[in-house]
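Should a chain be cited, it is by its letter among A, B, C, D and E, assigned in written order, with residues numbered from 1 in that chain.
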Amino acid sequence: MIEIVEKTPEAPVARRRAAPRRIGPLLRRAAGRAAIPLLSLAVLLALWQLVVELELWSELFVPRPSSVWERLVESERVHDGQKGLSGYYLHEHLWASLSRILRGVGFALVFGVVLGLLLATVKPFRVVVEPYVNFVRALPPLAYFSLLIIWFGIEDTSKVWLLFLAAFPPIALSVLSGVQGIRRERIDAARALGAGRWQVVRFVTLPSVLPELFTGTRLALGFAWTTIVAAETVDGIPGIGGLAWATKKFQQTDVAVLCIIAIGLTAIVLDQLVKQLEKRVVPWRGKA
Amino acid sequence: MIEIVEKTPEAPVARRRAAPRRIGPLLRRAAGRAAIPLLSLAVLLALWQLVVELELWSELFVPRPSSVWERLVESERVHDGQKGLSGYYLHEHLWASLSRILRGVGFALVFGVVLGLLLATVKPFRVVVEPYVNFVRALPPLAYFSLLIIWFGIEDTSKVWLLFLAAFPPIALSVLSGVQGIRRERIDAARALGAGRWQVVRFVTLPSVLPELFTGTRLALGFAWTTIVAAETVDGIPGIGGLAWATKKFQQTDVAVLCIIAIGLTAIVLDQLVKQLEKRVVPWRGKA
Amino acid sequence: MIATGDHRVVLDGVAHRYRGRGADVQALAPLSLAIEPGEFVAIVGPSGCGKTTLLQLVAGFLTPTEGVVAVGEERVSAPSPERGVVFQQANLYPWMSVRANVELGPRLRRAGRAERRRLADRYLGLVGLSEFADAAPYELSGGMQQRCQIARVLANDPAIMLLDEPFGALDALTRDRLQDELHRIWLGSGKTALFITHSVEEAVYLGTRVLVMSPRPGRIVFDEPVPFATGERGAALRAAPEFVAFREHVAAQIGRG
Amino acid sequence: MIATGDHRVVLDGVAHRYRGRGADVQALAPLSLAIEPGEFVAIVGPSGCGKTTLLQLVAGFLTPTEGVVAVGEERVSAPSPERGVVFQQANLYPWMSVRANVELGPRLRRAGRAERRRLADRYLGLVGLSEFADAAPYELSGGMQQRCQIARVLANDPAIMLLDEPFGALDALTRDRLQDELHRIWLGSGKTALFITHSVEEAVYLGTRVLVMSPRPGRIVFDEPVPFATGERGAALRAAPEFVAFREHVAAQIGRG
Amino acid sequence: GSDDNKASAERADGSPDKITIAYQAIPNGDLVVKNQRWLEAAFPDTEIEWKLFDSGGSVNEAVVANSVDIGLAGSSPVARGLSTPIEYQVPWIHDVIGRAEALVVKDEIESIADLRGKKIATPLASTSHYSLLAALDEAGLSERDVEVIDAEPDDIYAAWSRGDIDGAYVWNPNLAKIVGDGGRVLVTSEELSSRGKTTYDLAVVTNDFAAEHPDAVTRWVAQQDRAVRLIRSDPGAAARAIAAELNIEPAEAAAQVRDLIFLDASEQVGAEYLGGGVARNLLATAEFNQRLGQIPEVQDEATYTDGVTTQFAEAAGK
């Protein structure tokens, strides 16, 4: 990782890596770290409020923060004899979608890694299969979702399939590209130590492509989220995408915006988790 | 690049790289190279025909190859006083979408590279901006496309924006991840030769991340194609996605399948072009 | 892998030409060479003359553009664990600890955990890295990485050792010690060694036979057995007049091409 | 960059400790050292003793965990073109031709095209790579890469040269020639050199002052001026009795710790 | 914004430079007008831009975005639009949805009351959705007694063909296909209409455009009127025109046209339609939607009365 941070000559030299740590400064540093993003969030909210006040656009399309907040509160309560929104609490909607995404991306991980490795290492396979992969990864879900419904029904299966189809290409392609970037000598060394075809994959190829695999997975998760509404256009309740779709059609923009925010925040959290995992699993990044 | 190809002990040893070349063998090799993919295509078509013959699914969902072919012929002719399909030839639909995609991905390239570099090299920027990037890249177009329409109208601008928003995250993230994988000494060496902040970016960082940039671009292109239908749900004619959407709603599956095939093939060709470019631009892949 | 069977190394009319970015480069002129099992062949030659190319051809990393490389009865077409390779530039796996790198060979042939540990401890000790067994390779200095690589290959016990300037980044003391260790390991093991070095003294001290290569395109311009190869090693030998004489004899050949 | 002004290198109570994956490693014990402008300081010491660490601290790649490194009046906090670095492991840019790599320094300070070409031609000739100017770095042999790196740094004309085993992968002939070239370039230029090597002979031949470091954590256990530093170089010197005597004197210090 | 899309400049004769029209793939007079290029003929100096939309909701959005002048939307989205309120008015009824939308169910379901606990699919927020809820309401069922599933029309047919759903309220051509597959029609929009729950495909024109170019709107309505008359006098010719626009067979188009009810200008100005009925229907639709929590508020009655105008149909009918 490269940080180009301007250093003034008077700046204390020591990034003393082994300096003893105390709790106070640690807390203060954590607070300091959170301060800027929080500030930026506040600015954003203020801007939003301003736009609404200026009535640049109809409230129909840009709801006021307060009404989105009200919907949030409502979404976790029983009101008018109905639970939350469209009969489910917000967290139930969110969880329904999240579980579909985790399943879709989970399958995509297994399939994408295997596919990427096969594409990269078995030339005849690549010649035959790569065009189809490129074909599939360009297909718009809206155009072929009906087929999935015919094959897999309107329940979760077809939704998970759609998310899977959205998620595997970035993983496969990242792995493929990662393998192509491995220095020849890395492979040679293992083979001269006696590694067979699959041992090379296990001990050299896979660890080598871990950084790319993580990038691919992060991209796949993002893609899956962008596809969640398409996947939940049919029988999508409970589901945060289905809720967004339905309420958008009714121009209940405050709920739709609430859904969008919920999707975005969940995606951020998920992404953070993957990044933390990456740090643990790939400590050699940028060092070798 | 690693090829693990089983070698029989009797196989002639020489991959004589400098052997003189004649035209005959070259042609034969090209034919040989095309043979397998063509064969696989033939198998696929046969399977398709078989599925139709078996009537596993209604022709409404899986049209027969012959009727798709008829639509293709029709799509480039004037019939009943009307040009092609929905008033435009197929290639006009395709070109309309392709031009939107090229514009969207073009802007995404510029923006994505700059964003990725900034995220990677300017820590305060990353702290503030990265969450928003992760937010945006998870948003389902179907949920926010209305906002783009309100802001940019129903013409091409909103469509190009949507494609741009779909395309920049893989590019930015790939660049970011690429920068994080650069070995420290590469940067150190340039700085000890006198490179300033931006010279490091120009002479070291950017060339170093070219492989990742290409992967990101290929992903972005594929991703833009998957978004083309969503972008063309409104005022999408001419446009291959708009055509697919309109005809699919009307259960004209043969046209919809024709559109899908056209999208897939165009995407394959585009991807090949990018790959060829990559080979020329990054000859050191896997060597250093 | 215990050295068994016939592993005579034969290069028959072998030449190698690289397709360069600009022009093609003829790295090796056609050359023929046979290395008998148990020989310790030391190669010296000017920088860029094709030593590494020669070694990689024997290792099976490259395929010659002309001629045939064979080990025993079999034509070399791929790497094999019977031919262990110490690379010119250290080539350790950063996702494995130093110990895991050394254990890799035994692990690949499914040696037991205890056996692996024993081997790793032994060879890490030999190269003086016991203390760093749990460190990551990128936490080692240049010379330590090179030593780790040597340990990795020795732990795999290859019948043929291909060593590309293994001691290049080591200080004199460490180097002397490792030369003696390598000699001891080779002695009586029946192993064959192909040893590239820039130090004529090292070549003469370790080799049973010394080859000198001409500048690119590499040919073999000198090929003689070392007269005192069967004798004792040690500081005394380095000072012995016949050692010095042979060293000077070889040194005089370099750059003759 | 023409050597101007004061570039005295001062290390004051400098120590460095790496945070290792397993345990922390004290690479350098606190040490103090001053290098006067124009000095040619050669450092020898056992593998892993902290030589590279010391050099990287002076280069500004690392920040000491204790003490201060300064050049002239200024505390070192970042790399600078006044301090050219030859890395222990060749570090060329694969997307540039050999020539472009050598031209990089001048290009960064916006030298004209003709000037750049002149510099590249001169230093590529010096290290014997004129023929390979258009090749890609990954098409060079190990020793050639190292020479290219040296040319790159020399073309940038730094006031202080930091060289980490620059001749480690070179054969004796090439090495002798480059030693003489380096000496010629340094002579009368007012440049300071910090030169790490494993060859005591090389240290004594090139240095005006020789340092010996102890095994890790590195301290300086020997620091003496070379008595014949101002004399002529050449084969005669290597054979001269005072040269041999001083070489033996230094060699005896290594591993004294 | 894209004000450039919007006709603002005027020609000497008062007709706009450009008219942007949002159309949908519905087999009614609009497609005849488009296919026969009547508008282009009626406005020789004006650029006519036809924009295909996939739902009334996106037409509403485009109106707010200032991107269209005249559009087609079902009565449900128009009721929501007027409640927002969006600044547009209804100058014309493209069609009354007759048998083109209906509730079809599996054969074993015999009445609406049997739907309790069943899975019924419909595109939410559409006229079909409105009709479905109205039908349930009549039978004393609430939205919660039936599992109402959101799906796009072709996905509905896919789900039906697998047996994943027990029924659907949907329109042609998917309605016809479900019926062809053995679906039982429980109620059609025509029957609901006779009980006061009419659904329409309506034209909307932005208030700005109507105020600036009243003459142009009249001319536009006249062409629509002409299309209705063609549908009545020469259904074959009308079907051919519509078929060409939809890329389908004329016979199929003819069948679909028969399932809609078309009114000419003189009929539309009557009290049952633009003269009052449509406005009452829109208000009722809005109130019904609000009761279901689908729109936040209903405007006062005048909004809906003012939102429907006979002015242009009267002028065109003369």
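Operating definition for what follows: contacts are C-beta pairs under 8 Å (C-beta built on N, C-alpha and C of every residue); 3 or more make two chains touch, one makes a residue touch a chain.
All values derive from a computational prediction rather than experimental measurement.
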Worksheet item: Which chains lie in contact with each of chain A and chain D?
Response: B, C
Practice prompt. Specify the chain most distant from chain C by Cα centroid.
Written response: E
Worksheet item: Roughly how far is chain B from chain E, going centre to centre by Cα mean, in whole Å?
Response: 38
Worksheet, complete the sentence: Here the gap between chain A and chain C, centre to centre from mean Cα coordinates and rounded to Å, is 48
Item to complete: Averaging only over C-alpha atoms, locate the centres of chain C and chain D and give their separation in whole Å.
Response: 28
Fill in: Distance between the centres, which are taken as Cα means, of chain E and chain C, whole angstrom
83
Fill in: Shared-contact residues (touching 2 or more other chains) in chain E
61, 64, 152, 154, 158, 161
Worksheet item: Could you say which residues in chain D touch two or more other chains, in rising order?
Response: 18, 21, 78, 89, 136
Worksheet item: Among the residues of chain B, which are close enough to touch at least two other chains?
Response: 57, 61, 146, 150-151, 184, 233, 245, 248, 283, 287-288
Worksheet, complete the sentence: chain B partner, complex, touching residues on chain E are 1-2, 5, 25, 35, 51-54, 58, 61-62, 64-68, 152-154, 157-158, 161, 173-174, 177, 240, 243-248
Item to complete: Enumerate the contact residues on chain C facing chain D in the complex.
Response: 18, 20-23, 25, 44-48, 51-52, 88-90, 97, 134-136, 139-144, 147, 165, 168-175, 198-200, 251, 254-255
Discussion item. With touch defined as at the start, can you tell me which chain D residues reach chain B in the complex?
Written reply: 1, 59-61, 78-81, 83-85, 87, 89, 91-95, 104-105, 108-109, 136-138, 152-153, 156
Worksheet item: Across the complex, what residues on chain A touch chain C?
Response: 184-186, 188-196, 199, 203-204, 207, 210, 282-284, 287-288
Response to the item:
Per the touch rule, the chain A residues reaching chain B in their complex are 1-5, 33, 36-37, 40, 57, 61-62, 120-124, 127-128, 131, 134-144, 146-147, 150, 166, 169-170, 173-174, 177, 179-184, 187, 197, 200, 205, 211-212, 214-215, 218-219, 221-223, 225-230, 233, 241, 244-245, 248, 256, 259-260, 263-268, 271, 285-288
